[in-house]
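Letters are used for the chains, namely A, B, C, D and E, taken in the order the chains are written, and counting of residues starts over at 1 for each.
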Amino acid sequence: MTISKVRKEEQLNLESLTWGDLTWVNIEGPTERETEYLAQNYPFHPLDLDDCLSRIQRPKIDEYKDYLFLVFHFPVFNKEARVTAPSQLSVFIGEKYLITLHKGELKPLVKLFRECQIDEESRQENFSQGSGYLLYRIIDRLVDYCLPILNKIGDNIEAVEDNIFSDRRRGTVKGISILRRDVISFRRIIWPMRAVIGSLEPKIRHFTKMDMAVYFGDMVDHVDKIWDGLDEYKEVIEGLNDTYDSLATNRTNEVMRLLTVIATILLPITVVASIYGMNITTLPFLHSDYSLLFVLLIMLVIIGGMLYFFRRQHLI
Amino acid sequence: MTISKVRKEEQLNLESLTWGDLTWVNIEGPTERETEYLAQNYPFHPLDLDDCLSRIQRPKIDEYKDYLFLVFHFPVFNKEARVTAPSQLSVFIGEKYLITLHKGELKPLVKLFRECQIDEESRQENFSQGSGYLLYRIIDRLVDYCLPILNKIGDNIEAVEDNIFSDRRRGTVKGISILRRDVISFRRIIWPMRAVIGSLEPKIRHFTKMDMAVYFGDMVDHVDKIWDGLDEYKEVIEGLNDTYDSLATNRTNEVMRLLTVIATILLPITVVASIYGMNITTLPFLHSDYSLLFVLLIMLVIIGGMLYFFRRQHLI
Amino acid sequence: MTISKVRKEEQLNLESLTWGDLTWVNIEGPTERETEYLAQNYPFHPLDLDDCLSRIQRPKIDEYKDYLFLVFHFPVFNKEARVTAPSQLSVFIGEKYLITLHKGELKPLVKLFRECQIDEESRQENFSQGSGYLLYRIIDRLVDYCLPILNKIGDNIEAVEDNIFSDRRRGTVKGISILRRDVISFRRIIWPMRAVIGSLEPKIRHFTKMDMAVYFGDMVDHVDKIWDGLDEYKEVIEGLNDTYDSLATNRTNEVMRLLTVIATILLPITVVASIYGMNITTLPFLHSDYSLLFVLLIMLVIIGGMLYFFRRQHLI
Amino acid sequence: MTISKVRKEEQLNLESLTWGDLTWVNIEGPTERETEYLAQNYPFHPLDLDDCLSRIQRPKIDEYKDYLFLVFHFPVFNKEARVTAPSQLSVFIGEKYLITLHKGELKPLVKLFRECQIDEESRQENFSQGSGYLLYRIIDRLVDYCLPILNKIGDNIEAVEDNIFSDRRRGTVKGISILRRDVISFRRIIWPMRAVIGSLEPKIRHFTKMDMAVYFGDMVDHVDKIWDGLDEYKEVIEGLNDTYDSLATNRTNEVMRLLTVIATILLPITVVASIYGMNITTLPFLHSDYSLLFVLLIMLVIIGGMLYFFRRQHLI
Amino acid sequence: MTISKVRKEEQLNLESLTWGDLTWVNIEGPTERETEYLAQNYPFHPLDLDDCLSRIQRPKIDEYKDYLFLVFHFPVFNKEARVTAPSQLSVFIGEKYLITLHKGELKPLVKLFRECQIDEESRQENFSQGSGYLLYRIIDRLVDYCLPILNKIGDNIEAVEDNIFSDRRRGTVKGISILRRDVISFRRIIWPMRAVIGSLEPKIRHFTKMDMAVYFGDMVDHVDKIWDGLDEYKEVIEGLNDTYDSLATNRTNEVMRLLTVIATILLPITVVASIYGMNITTLPFLHSDYSLLFVLLIMLVIIGGMLYFFRRQHLI
């Protein structure tokens, strides 16, 4: 009695899967052609269809009598720009359909669709509890996918931290700056997502056949955990920046001190030598046999006196 | 049956457009003459008319029995001062009229008025759903107009960021300072606007013929998106400032280190040479054939010893 | 039928004005004698009379059955200390009287009292709508009086900003510090005032003959506008401080670099010259006719080599 | 009919005062012996008695059917450690008794108890309105006692501020650091106290014979005033720190500049003199009568050229 | 009639204790085998059993009809990594059982279990009031265990503070950085715990035989006290960082000043000596008997003049 269909509209970037009376339509890289197709086949509000294509959306839930329109932003790490950027997922959910529109960057979503295409069993598992449960399965996978990105940042922070206290300092400032930027972007993605996922469960209730409060509660916990992690990372990075600056000031100090010591030791020698290099014949001891010893003694006395004085003043 | 009139009061900075029973009165650069005209023809509160001329208003909604008085501030980029400044739009909205007062800096508003003047079709599109819908059309355009200004700031931030990590550093501090100031001004404009636009829909409900909750919800999303962007930019700019300072401290360090290396290498040579320049005849090896070699050897030993010592202390 | 009296109690710092059945008692520089007088003639709570003299009050509204006791703090710019300080205004308001106690620093209040003393018409305008309206007139003037003080700060900020990017840097740090302190004080004055003025209207309702919601709403807007301005100034000043520090670090850098270049050019010459100044006769080319050229060549080669090396390392 | 007793339990750190049917038991330096005595004579919860001795309490109000248990922390300036530390006051208040437990550091409380011991009149004044009023008298005195501590901090801030802009800079950093720490501690004491004192009045209502809303309102105002002052001091101190750092950077700049000027003037002279000190006989003008003038001219030209160049580059 | 059993399932990391009708099952280091055992014997939700093993949980309370599932995170100081890390405690509480799952790092919990195993009396004390009371006893001990960790941080802060103002500065930056990191982690552990413990009492009410409001109120106070302490430490550490930086800048200043003084004194001597070292015979006083005195006089005059000038300019 379970009817299962895999259909692909060749002319549109659109694939659909049906099990029982529930159809999942997956649109990768939606264009105006796809939204027109949806406008003709579903009772969707034109503003929502515009939102699927627009780049300036925020995560949100729009409720209508027969369906919900949801916009999510999930973090995707862009390897080239080395930055975490938001990738939009637009969802229309009705009693008998679930339509997902995205750019194909969300790996876990694409993989889940493939699994359901290939594997009858997994199709049954995901589709049998109604469209709300299927949505939960998708969002849950995408939320879990944030964790490795978060851990990556954590690893990078530790690497930078090690660098700071070691002698490998080249590139540390850039490293901190990139990390900071990354955490800022990531936080901007998660922040509005928390509100949307937190208020999802009651709105999705009549699209599912079982009580999903526990499941959604668990998902909210995961999002909050990610948020907490990002908050901690933000503070840690600010701390690292301060630490780096303190260490740099310290090093300037050390080098200054070194320069001063060199000057304190070498300049007096030069001075005395210069004086004895003058073409003046009345310099004391100039023609004595011990003139060299005498000169060296003067030098040592001056250097010793200066070093003693500066040490006492805690200047060196 | 649709009566459409375009009227221009020659003696006043006032143009009006009528379609059906709805009139849009647009006043560019209002003066006391225009507010007196309004006072005579409409039942407006004197305080509100004062507010249209005063420069110290905040965005707000004042409700009266027959009409609403609204004050909006939209960002306008002042090219000469290179800063984003607020431009005030005052609106009176009643069942059969919409009166807009502004300084003519709000391009999208001026353009929309022109369109409706020239084009019958666009007049019908904007006027047919009541004064509330017309207001929505105006505000929506003005909100969307904020996005290119925001993106401009984003581009400037990226330019400054590139400068920081390249060698083109001249002017970077000034660039960061101007960006920071710009974002502060922009935020001050958007912040009170959010509250006004967020509470607009229920108050405007009886001036429109259709349910506009979705439309206003969409507009609120756009304003929130702008706010989010500004918030992110604020954090990014603060981060850039820190990064710049860290890099500057770094460079000071490098230069200090270089100076110290130069001093470490050259001063000992000078010292030894000065000593052998003294008019003292008892210097060792002075008259030997290998005196030069001997002196050079002393120099090399001293320099080598110092470099080795400082390297071991991680000072250079 | 309108009875108007101007009375001055010679022995007390107390003047009173009556129009119709409303009396405004103005006490400049209240002492215990004045509060005793009030205690004898009015049903005021002893704590409130103490508060009129005490220096440690906060803005507040105390409600009693027959009267309200209000404490306001308004900013007054102290020219000698060059700082904005709070000046207290205590108000007792009953149905037929309004009593103001202050130190005489609040110019707009003093001026309004004088106007009402001299001018029958202005007395009628201010007194005819009940004690609540008279209070509104006073507070409104005092709130508006904050704006020039705020603008003064804005002008000072711009002056400091110009200084920072020009070469006139002497005194800039002190200027920023004074501005910062001024904005902090100003904010501390406005912050509690917002709450008091925001909740004033409903409490004052039965002391006035007309609906004053719009008037008080307008006044609240002005206070909020002042607050917004101070908030913006606070952020701008913090930004200026950061900018100043970055520029100072930059200048240190430039000077360091200059010193390094000088050292790089002059020290090698000295070194070579010192070597050829040694009393050693085996130096190469010492007795040649081209010895000078040879020595200059060595100097140029060393300087050129060092400059080339440092330039390649982006150190200079 | 007013019965007044002064009793002191010799074996316990416990003194009690009775007037009418109200007894004030004052315990200085409570130990387990005192809490056992209370456990035997009063219906107190064991946890509360533990809390009187424990060091890790927070200000709080615990309500029971017959009594309230209150914990307050008041700031006490520790002269030795030069820091403001919290001193705990535990209070049990019932209809006919008020029990205060503290370490004897709270001067105003100790003094009030002494006054009531000695002076019949002051006993009547404090005891006649019930235990709630007596508590109000105690807390009010303790709150007022915070003001001189606050003013002390204000004076210290001004002293540090004067130091910063004068030449007396030794110890300024330590001064700022101690002030900052002091304000942090003070804020930590006042913060939870605000909540407790703010919610005290309704809970204490049935222990007093008169309406005390005005009195408690006044006390809350005082606590808020203290909090406002601390908030302002916190911001001022942070500003002072920034100002100090800017000035220090400035001074480094000035010194660097001086060093560069010295180097620019003196090094060229040395260079030229070194060259003419070489044992090379082909130097120009060496044997001329005007050789000295010629050499001095070269020196002046080099110095002048360098100064002119650096001045034009705004480097000096 | 009290039946008490101590049972240990050899094949599972599971120990259980029974007194009366209440059983405490303690699982150290839970694996899938233990959760399978629980799934077979108790009506627990599969998601909860997963959460016991997962590492990415947040503290939370999940309510079910027959039981509560609680997740707590307590701070454990990891001596090797020198950092405070969260250790998870999962609890299932039903009317007749309390199941605790943890990694064995929570000393006070392990100790309490041992005590109850060994000592009949302590078993009675902890078990006789129902599972809710037993849970309270466990959590209370774990909360109290946070205090020594907090005090440890306080001691470390004081040690770092002493270092800053003494001359022992090596390692201070690292010390501040580690402290900051530690406080950040600790705060991240306590923050969500506050919410969970604050809402625990009403939910646990039907698992206990006595009114526990006072007990839980006391525990919440302790958690809040810890939070306050961490907040204060956070501010203190930030202050220490600023102080350290100011002192470092100060020291750079002092060293710079010293270098300048050395240069000011020694360079003029060198210059004059170099001039008199030139092979020019027309130098004044060169062949006089007082030539040396003359030269020394010139040197002293130049040095004195420079020192006087710089002192007047407040540069040295």
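Quick note on the criterion: contacts are C-beta pairs under 8 Å (C-beta built on N, C-alpha and C of every residue); 3 or more make two chains touch, one makes a residue touch a chain.
What you see is a predicted model, and the numbers here were worked out from it, not measured in a lab.
The set of chains in contact with chain A as well as chain B is empty.
Chain B maps onto chain C through a rotation of 70 degrees [Cα fit, steps of 5, range 0 to 180]. Where the sister copies chain C and chain D meet, the same residue numbers recur on both sides for under half of the interface positions. Annotation: 25 Å between the Cα-based centres of chain D and chain E.
Measuring from the averaged C-alpha position of chain A to that of chain D gives a distance of 40 Å. Among all residues of chain C, those that touch two or more other chains are 245, 249, 252, 256, 259, 263, 267, 270, 274, 277-279, 283.
Taken pairwise by the contact criterion, the protein chains form one closed cycle in which every chain touches exactly two others.
With the ring opened at chain C and read toward chain D, the chains come in the order C, D, E, A, B. Within the complex, the chain E residues that touch chain A are 45, 47, 51, 56-58, 60, 62, 167, 173-174, 176-177, 180-181, 184-185, 188, 191-192, 241, 244-245, 248-249, 251-252, 254-256, 258-259, 262-263, 266-267, 269-270, 273-274, 276-279, 283, 286-287, 289-292, 295. Contacts from chain B toward chain A in the complex involve residues 147, 165, 214-215, 217-218, 221-222, 224-225, 228, 231-232, 235-236, 239-240, 242-243, 245-247, 249-250, 252-253, 256-257, 259-260, 263-264, 267-268, 270-271, 274-275, 277-283, 306, 310, 314-316.
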